[in-house]
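What follows is chain A paired twice: with chain B in the first complex and chain C in the second.
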Partner chain A sequence: MIQNRISQSFNAHLATLQAHFKIIFTYRGMMLIQAVRLILLPLVLAAAWLSIEKTAENPYSDADYLLYYLLVPVILNLTDSRLVFRFPMAVRDGSLSRELLKPFPPLSGYALESIANNLIQLVYLLPFTLLAGYAISDRLQLGHLNLQLLLCMLVAIVLGGLVRMLISGSISLVGFWLEDVTTLNLILNGGIWALLGGMIVPVATFPQHIRSIAEMLPYRYMLSFPIEIVTGRLSQAQILQGFAVTIFWSLFFALIMRLIWKRGLKIYAAYGG
Partner chain B sequence: MMQAMEYRGSFAFSIIANFFDFIFGFLQYLVFFTAAQSIAGWNSDQMLVLYGVFMLVFALQFIFLYPNLVAMGDMVNSGNLDLLLTKPINAQLILSFRRISFEELGSISTALVLLGWLTVKGVIQLTLQSVALFLVSILASMLLIYCLFLLLMCLAVFLERLDNMAQLMWSMFSLCRYPVDVYPSRLRFMFFSFLPVAYIASVPAAALLGTASASQIMTGMIIALTATFATTLLWRRTIRAYTSAGG
Partner chain C sequence: MTQTINEVAIVTRQLSRSFSIRQKSEGLAASLRNFFSPVYKTVNAVCDLEMSIGRGEIIGFLGPNGAGKTTTLKMLSGLLVPSSGNIEVLGFTPFNRDHDFLKSISLVMGQKQNLWWDLPPVETFEIHRRIYGLSDEQYRTRIDELVEMLEISDCLETQTRKLSLGQRMRCELAVSLLHQPSILFLDEPTIGLDILMQKKIRSFLLDYHRRFKPTILLTSHYMDDVAALAQRVIVINHGCKIFDGRLRDLTDHMRPEKIMTVIINNGEFPCQIRDGCRLIHQEGQLYRFLVRREVVGELAACLYNTGQIADLTIEDAPLEEIIGQLFTDNGAGAAVSASGQGSTISTPAQTS
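So, the complex of A and B:
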């Protein structure tokens, strides 16, 4: 009798353990896939830029391009925001009501979740970046790096992440009105960002007139700017100017969010949400 | 295509997304050429040919994959992979002629218009040989995409999750967006053999531009057929393992 009980209990524990392993294994698989996704396009672009005809106006050399696209996956990951997927869904299926009851703004919850996700993803990205960096270290120029530049880069990443979060937040809040904000997000956050933020083309290599526009928009600060700091070509003044622009856009979108939130909530409540 | 793969049943938005997909892809090339003159021997006009071919291949492929994508949408929502067994996805290799939707026609037309304009402009020279080579290479390309799709499905069954697959597939296609000549020689060799990415867009585009050889096209077709055979076997195996494990 007792033996039966013990073996039953053992089996139950084993099954639970297996289930947990399965979850972790699947989760790891997902993380790995996500890492591959983050690395693929930068790899392709690095190869593309390395094989262009070099012109005189282009300030970037091979070493610059290599460093740039080496860092893109990590920066991309750190400034990324999943907010825009979670919030509209909550509005649609009404779970927002539950979230509103918590003593914690729902958007902050999703934001923190997004940040946590990004940090975990580093477990896969950092080793890759360090290994790849080591493998091509003879082709990189890192002599100018100092602590100050690295600190500036970190600040830039944090600010870039912040402004991206706020833009995503603003787009998410449109979810109060539009059922599907994915297209809006694709355009405002995805497409334009890839074009002018430094994904397809490093901002520093744009011709002057495009570069000035790109430097005014918030997108550059989510990707290109931190990397530009590390390449050591920006002066102190330019770095501070960059911070200022990022902060400006952050405040701008924070304000927009505040305005939309109030109105959106009224509509949501009116629908018996 | 990305939109439809995260299919939520919103057709209006897929049309718009399709349109913006095209526009942004197009802008991607334009933006690239603001900072570069040519890339690995391809100038901006030739790159546009590549882009047109890329769009065409995917628009065509979308038509055949579409029924499977719809089925996938159900599976993603219900979280239940058992539907895989009821939909004979493997049978989709046979042309499934169903009503071609407006948006699919739109994508194909846009790609054809782009390629047509480039022909008029003289970038593409249409000869009997180039057209024949092009058609064969397009067929090989579609087979290869289908193989990739099946492989990702196997992975999805293995991991019992489907959501990331669509995005992974789209990411892998970024390997096809630039001419295969940009890659260092060893990588290039791999892209012409084990990971035959080159045959998806680069080689058909080269066929149109008259720079691809018949032997290259033939090799591509052989690889495509072999890959289709192999991945179909793998797929059948995976399904069998999945069902016997009690699904």
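So, the complex of A and C:
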């Protein structure tokens, strides 16, 4: 019976994911605009970093910065989460009610919508990344790349996406109490993430005392960590340690979500009809 | 009539739900005051509701706007946690949201939707099939039945947002019944539909109930829905139950008189107007009376025997009037005596 339940749950999740794909295909233009958004900022940052003179303490060369910001749009996309926007809106307009009536976890539905968006975005982002990479291939240093590193990067992306989804989920569940969690998200998942996640400055180039803090927090693992793996500057032990930290934060926020969800449902007023 | 445990689908005991709603007066100064010192008002949407509904019953759940009907449906379906009291639906506690409980119920709300807006209904049906774990055979059989009963074969592959309200409502019913729920909560299912569509929906629900015997709890402001479908009505006002019983008992109690309209050929009214008969309107040869039920037959027989009547109609007071009077009387706290046949009418004092 448990096996049946698991099989049915997997089937239901797959059906929901497929449904979101079908909807997204209807809005191709919007996908393109979002892909441009993901590319623009890293381009600007890369140009900025390439234009300034590096100090001796900076472990990153121009080639490292190029590789870093070449991969940022793809990693950024794959670990992105829309849960923090969708769920509070569903609480406010009452559309959460119809999801609560189904034998299917509502948060899974919103998470799958986010994942579907991320995967479809690759249609635009991957060709751009490959073309751009080809255009600057003479300036990149990729001799160290091997299958093991690429697999570790994939695992890091999956774990990074998971922890980001869980943090976004935790923030979004505050929507049971606050009408708008946008500002809270900007604080906890926006500004701090941009700095300690490695968007503005690669984490590997932080001063040691700041890097130590960044390595303990979950933000680095949502963006910088997968790219650091590919740069070949992390040892196997450091990679495994990174996985462990990501898994720890994932479990932590999963527990937070569980606690908030139960309490939130008790006060949910199902307004909107 | 006593019901055994297996026959009871829904039971509530002293069910209550209140909401704390933030108040805000008009103006900037009020907004500023409200920011630093918010004021809340407690609204008792449902108070000490006691009801028992048997499997397979169709219950009309009536009440004016704000009476607590939708709040009750939301508690019964697990959307809302009660403030106090107990609920059992098919042996489950709804707000625990057990997987098997959710597979056994369906809630259709007139203006809200289960269909995916950007996809055609057939895609939503497929998603529901997989969420509810229906086999291919179950799905095919049920879809064919529902499509035929609801006449929706021509709109299955059109995006939901492009369907008319009537088409959407029928597809909503189809998706809500795909998993053959044991309990169906219908919250204003015919709201906004034209008369023909309302009739179609009622006819469909009766047919569906005849075939599959779900327990149905229906709220509607259209008394034609209630009269056509409900075997029994529960009336609530200000969150409290004020009537529970057959519609016939309610009408007999609230309006023990029939409305008799007579058009005579010529001359004066040919029969003696006796006790239990009251003239309420006259216009030329048209006479309209309120006649007590026990006198109706005698008066009608007299009129027929005179051979002087051009037309005679005997009807109950419109249900809307009766229900409206019930709300008004109850709101004024007027004393209403209990009727027989297992029906109960309550005053607010008795239910608090």
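Note that in this section the second predicted complex is superposed on the first by the 242 of 273 C-alpha atoms of A that agree within 3 Å, B and C clash if a C-alpha of one lies under 4 Å from a C-alpha of the other, contacts with A are read in each partner's own complex, and residues count from 1 in each chain.
The criterion applied here is as follows: a residue touches a chain if its C-beta (ideal position, glycine included) is under 8 Å from a C-beta of that chain, and two chains touch if they have at least 3 such contacts.
As the structure is a computational prediction, the values presented were derived from the model and not from experiment.
A.B. asks: So, A:98: does it touch chain B (first), chain C (second), both, or neither?
C.D. replies: A:98 sits against chain C, while chain B stays out of touch.
A.B. asks: Could you tell me if A:26 is touching chain B, chain C, both of them or neither one (first, second, both, neither)?
C.D. replies: both
A.B. asks: First (chain B), second (chain C), both or neither: which does A:259 touch?
C.D. replies: In the superposition, A:259 touches no partner, neither chain B nor chain C.
A.B. asks: By the touch definition at the top of the document, which applies to A:120: first (chain B), second (chain C), both, or neither?
C.D. replies: neither
A.B. asks: Just chain B (first), just chain C (second), both, or neither: which does A:130 touch?
C.D. replies: A:130: touches no partner chain.
A.B. asks: Which partner, chain B or chain C, is in contact with more residues of chain A?
C.D. replies: B
A.B. asks: Mind working out whether A:6 is in touch with chain B, chain C, both or neither, as first, second, both or neither?
C.D. replies: A:6 sits against neither chain B nor chain C.
A.B. asks: Identify the overlap between the chain B-contacting and the chain C-contacting residues of chain A.
C.D. replies: Comparing the two interfaces on chain A, one with chain B and one with chain C, the shared residues are 26.
A.B. asks: Under the definition above, what is the set of chain C residues touching chain A in their complex?
C.D. replies: Going by the criterion above, the answer is residues 19, 70, 74, 77-81, 95, 97, 99, 102-103, 105-107, 109, 111-114, 116, 118-119, 123, 126-127, 129-133, 187.
A.B. asks: Give the list of chain A residues in touch with chain B in this complex.
C.D. replies: Checking each residue of chain A against chain B gives 26, 29-30, 33-34, 36-37, 40-41, 44-45, 47-53, 55, 58, 179-180, 182-183, 186-187, 191, 194-196, 200-201, 205-207, 210.
A.B. asks: Which part of chain B faces chain A closely enough to touch in the complex?
C.D. replies: For chain B paired with chain A, touching residues are 3, 6, 8, 10, 13, 16-17, 20, 23-24, 27-28, 31-32, 34-40, 159-161, 164, 167-168, 171-172, 174-175, 177-178, 181-184, 187.
A.B. asks: In their shared complex, at which residues does chain A touch chain C?
C.D. replies: By the definition above, chain A touches chain C via 4-5, 8, 11-12, 14-16, 19, 22-23, 26, 94-95, 97-98, 100-104, 265-266, 268-270, 272-273.
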